[in-house]
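A, B, C, D and E are the chain letters, set down in written order, and residue numbers restart from 1 in every chain.
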Amino acid sequence: MIKLHNVSKSFSQFQAIKSVFLTIDQGEIHGIIGASGAGKSTLLRHMNLLEIPDEGEVEVNGQKLTSLSSKELRQARKSIGMIFQHFNLVANKTVYENVAVSLEITNFPKKERKNRVLECLQFVGLESSLEKYPAQLSGGQKQRVGIARALANKPQVLLCDEPTSSLDPNTTAEILGVLENINKSLGVTIVIVSHEMEVIKSICNRVTVMEAGEIYDTVLIEPTSIQIIDNSPRYYVEQLTKGGGMDDA
Amino acid sequence: MPELLVQYETEIWTSIGETFVMVGVSILAAILIGLPVGTFLFLCRKGQVLENQFVFSILNLLVNIIRSFPFLLLVVFLIPFTRLVLGTAIGTAAATVPLSIIAIAHYSRLVEQSLLEVPKGVIEAAISMGASIQDIIFKFLYVEARSGFVLGLTTSIISFISYSTIMGVVGGGGIGDFAIRYGYQQFKTELMIYMIIIMVILVQLIQFFGTTVSRMIDKR
Amino acid sequence: GQEQEANKEGNTQENEQEVVTLKIATLIPPMTEILDLVKPKLAEESINLEIIVLGDNVQPNTALAAKEVDVNFFQHVPYMEEFNRNNDAELVPVVPIYFANYGTYSKEYNSMDELPEEAVIAIANDVSNIDRSLALLAQHDVIKLQEKTGPYYTKADIVENPKNYKFEEVDLLMLARMYDDADAVIMTPAYAAPLGLTPKSDALLTEGDENDFAITLVARKDNADNESIKKLAEAMTSPEVREFLGKNYNETAIPAF
Amino acid sequence: MIKLHNVSKSFSQFQAIKSVFLTIDQGEIHGIIGASGAGKSTLLRHMNLLEIPDEGEVEVNGQKLTSLSSKELRQARKSIGMIFQHFNLVANKTVYENVAVSLEITNFPKKERKNRVLECLQFVGLESSLEKYPAQLSGGQKQRVGIARALANKPQVLLCDEPTSSLDPNTTAEILGVLENINKSLGVTIVIVSHEMEVIKSICNRVTVMEAGEIYDTVLIEPTSIQIIDNSPRYYVEQLTKGGGMDDA
Amino acid sequence: MPELLVQYETEIWTSIGETFVMVGVSILAAILIGLPVGTFLFLCRKGQVLENQFVFSILNLLVNIIRSFPFLLLVVFLIPFTRLVLGTAIGTAAATVPLSIIAIAHYSRLVEQSLLEVPKGVIEAAISMGASIQDIIFKFLYVEARSGFVLGLTTSIISFISYSTIMGVVGGGGIGDFAIRYGYQQFKTELMIYMIIIMVILVQLIQFFGTTVSRMIDKR
């Protein structure tokens, strides 16, 4: 469970978050949507206290993050995974090492680490790029490493900042499948910031719409479920031509 | 080999050995103490994970004090300390003490500067994982800053060699001192030039090695 | 200093007689003090003495040879000759001023005989002073040296060292600091003075004035006969200087004129 | 006109582009689509020679880029704008300066620079953030600065690498409108790499589908035209609830 | 003010002035020549826009040669050159020549290192706009590396001050030399300590100023 109580945040003059109250239930997949610059990322970053609110309280899994000692906070963060909008990979670590590091930090049983890393990289379809460095990856591949890293240590809460922004529909559907799966099977609470309506619609139970630092509305929806689509270039051609275009120019 | 070099062969080898001892110990000091000091200078800065104005100011002041001493006077000032540690204040071993202290102050600044170049996002990623300070340092900061560390150390080692030439003052010896005493003070210009050539080769090798390693470990 | 400044200004502006500037390179007291003492007197004779204090014992000669200065005052004649030999220079002595009475000092021991076997003796690390230090010990039969093979004695010339003294070579500037560290130190009085040591009362051995090592005013062959240099030499060997040395550097800097 | 003739590119062992032939006509809006890691960005980066092909030739606006002197190449690049997947903004320049710099480089008439910068920033809705630095911007705002920068000096060819990946549907529609507009009114040739099917469908005339470094197919389509949608949070709520969800949870 | 300081007031002010002259000229040399040299060291590297193995090797060797000279010998070696340029090889002005040369070599390495930290993407953006080398340098590289430049210069200035203390050899004077001559050689320990305090304050001010400026212009 995540609870934001009267959270406000300003950057110098600019008030990015204005007195927000929001409760996200245990096991929910919660969407946050809104225009660019509305404050979605900033709000999300409050949920693991990467952003310290000027005012208000943040509670996650029954712990008031805002009043924990730094040691307790560190402990609490180990069960809160985060996928960053700009990935924030370690440029000097390989794909494998980028994922493995989160297991080292959380004292994941040593013997199982390797398997877990490989498993997570399989989830995101990067099992063949273990030894590549971020600079050698495409945009979408980087994003997928970020996702694998956040999943690796089986967090109870997963904060996702536009996790599929650089991904093609197929990969997006696969990733959403993985998220839904860990939500269903392990009861992980997931918060997804996204501007892709389909993403939000297909897996969220509830969606918060933000506008200029405030919550405009919170909507309960029935996820349409993810359509795992044909993973081949034929799909694109079909999609493109079905709208009335002419094949083979 | 030029006759002059044959004539002084023993002395030259001895002085090369002395330089290696002095610079080697300085490198060790730079890595073992300068690296942590530089790391704390960075971590205790405003806005960083260990933000601590007090510790920062103390470290900053200490480093500045060492760096503001005329080197010769630092050597002299440290004589009682050197004597305490090593039982003597003259000779190659004794010369390593002031050199190491300079090395620490010098390298810690370069370490601090390299750490300032680590993208904030990487540190945030570490924090969000609940990484301990130790993990942030070793698994993130040092990994991202490592090529800067190597380049900084390369620059520093070359400075250490240059500093070591002053250690003749306390009988430290070394190639530079040899060049000064035999070459300069006894007007054996040819010998001096050979010594300088040896130093240039040494420095060139260190620079080449440092640049290569830093490029190899830089995957950005 | 200010009074002298004014004096100099006055000279340049008011005196019809042309003011000659004489540049002199030097190192440390009492050399600098002697020059400070004679400076006002020379000013009266329309000589502006410009004192350039350098920090190294090669540069004063280099500068003199290159005509950057007109005279220098820091060395003894053997050292100057060695410079001439190696640099094709034609430096010449003008007048010896004082003997820096080289001596051996020890913090712990009161006489040379008390010095134990294998005692560490600190000496300066430049060749001419190594030569001089060894010569001092040989003069007092502490060691025996073989016939000189080059211009200088070196440690290799020691043929007898009955008590196996160890010689530790350190920078001139460090010698005084070695007083605490070594069993004995061989140094000039200029370096011993700040420790409160004088050759007369504290030295175990001294060189005396029976030697070639008087600190000498040095010029070049081409200007040694200059009128102004002669006046400088005159001023530096005046009774005032003798009195000054006697008063402040008794037994430490023995007048050589 | 852009012409890739038998272009191949390898990164150490890995062959990212495999002997590609592609011709994009003057005034066309050309889409490139394909799975993450298919080689879209790499292909696009060949069109201004940021990536130098191991083999083959690249021709833009009648000039063989691959055989120009470095000075001529520089000149040629001035009329080829590029929007980067990862923005590549100058972190120490403000929003205004980031855009202005491209005008300084191309010797855009000095007097008109300020107006042009403001105009471009208006296109992307950032006229109120002139003095902010990239670190103070949201993901979408950064992307929009990148777009404004590429548009500023009125290029004849515009290469866009996922230009709307971080933008909400409203902003996306606006940006696409701008692109379509400069294409129509100035005849600018535009190449858009995107994984968002709607984006491609709505403005492209022709689409290349890539797979594993090769061109799978090139499809001629009829752009559906951009739907400029209601620019308010109400839109999100409507979209979310219209699928059968329940309002006001 | 302590009596001793009053007594030596004129000399102290003179020596402070000398230090300012020597360090000031070195700073100018570092900026006017060291910065371009460092920039070319970076630009001529493998994979950079001006890739040129030959120029790189030459510059690299030159910088290394200067940096490998024992400082004292560099000063001596440069005497003929200094005399050629300034007509004299002794005094404060003459001392600025070797100091400046060291300053150039020293700072150019730090400049090179700062430029290596500029993200590749920014350079690519510049290239894609058709920026000339000049534009790439001034409108992109220098803008992104500027806080590193300032920190590097801060470190360098402090090193220059330290180097300037050796310039007594050619009569350069300066606070450090004053401290050595009066304080150390003549055992006026108190005076020496005052001089060192002055230097510490100076260094502390420079560091503070450098850190503040570098933080102010760092918008990353």
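Criterion: contacts are C-beta pairs under 8 Å (C-beta built on N, C-alpha and C of every residue); 3 or more make two chains touch, one makes a residue touch a chain.
Just so we're clear, the structure is a prediction, and the values are computed from it rather than from any experiment.
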item	value
Path length in steps (a step moves to a chain that is touched) from subunit D to subunit E	1
Minimum number of chain-to-chain contact steps, subunit A to subunit E	2
Most distant chain from subunit A, judged by the mean position of its C-alpha atoms	C
Maximum centroid distance from subunit B, chain identifier (CA atoms)	D
For subunit C paired with subunit D, centre-to-centre distance based on mean C-alpha positions, whole Å	80
Distance from the mean Cα position of subunit E to that of subunit C, given in whole angstrom	36
Geometric centre distance via CA averages, subunit D-subunit A, whole Å	26
Subunit E, residues touching no fewer than two other chains	72, 76, 119-120, 147, 166, 177, 180, 184, 218, 220
Multi-chain contact sites of subunit A, meaning residues that touch two or more partners	86, 135
Contacts with 2+ other chains: residues of subunit C	58, 173
Contacting chain pairs - touch in the sense defined above	A-B, A-D, B-C, B-E, C-E, D-E
Subunit B-facing residues of subunit C, complex	57-58, 82-83, 86-87, 122, 125-127, 168-171, 173-174, 177-178, 180-182
Subunit B - residues contacting subunit E, complex	60-61, 64-65, 67-73, 76, 109-110, 113, 116-117, 119-120, 147-148, 151-152, 155, 158-159, 161-162, 165-166, 176-177, 179-180, 183-184, 192, 196, 199-200, 202-204, 207, 218, 220
Subunit E to subunit D touching residues, read off their complex	119, 121-122, 124-132, 135, 139-140, 143-144, 146-147, 217-220
Subunit D partner contacts - residues on subunit A that touch it in the complex	11, 33-37, 40-42, 85-86, 136-141, 143-144, 161-162, 165-172, 195-197, 200-201, 206-207, 209-211, 216-222, 224, 231-234, 236-237, 239-241, 243-249
Residue ranges of subunit C touching subunit E (in the complex, touch as defined)	1-2, 25, 28-29, 52-56, 58-59, 62-63, 66, 68-69, 173, 176, 194-195
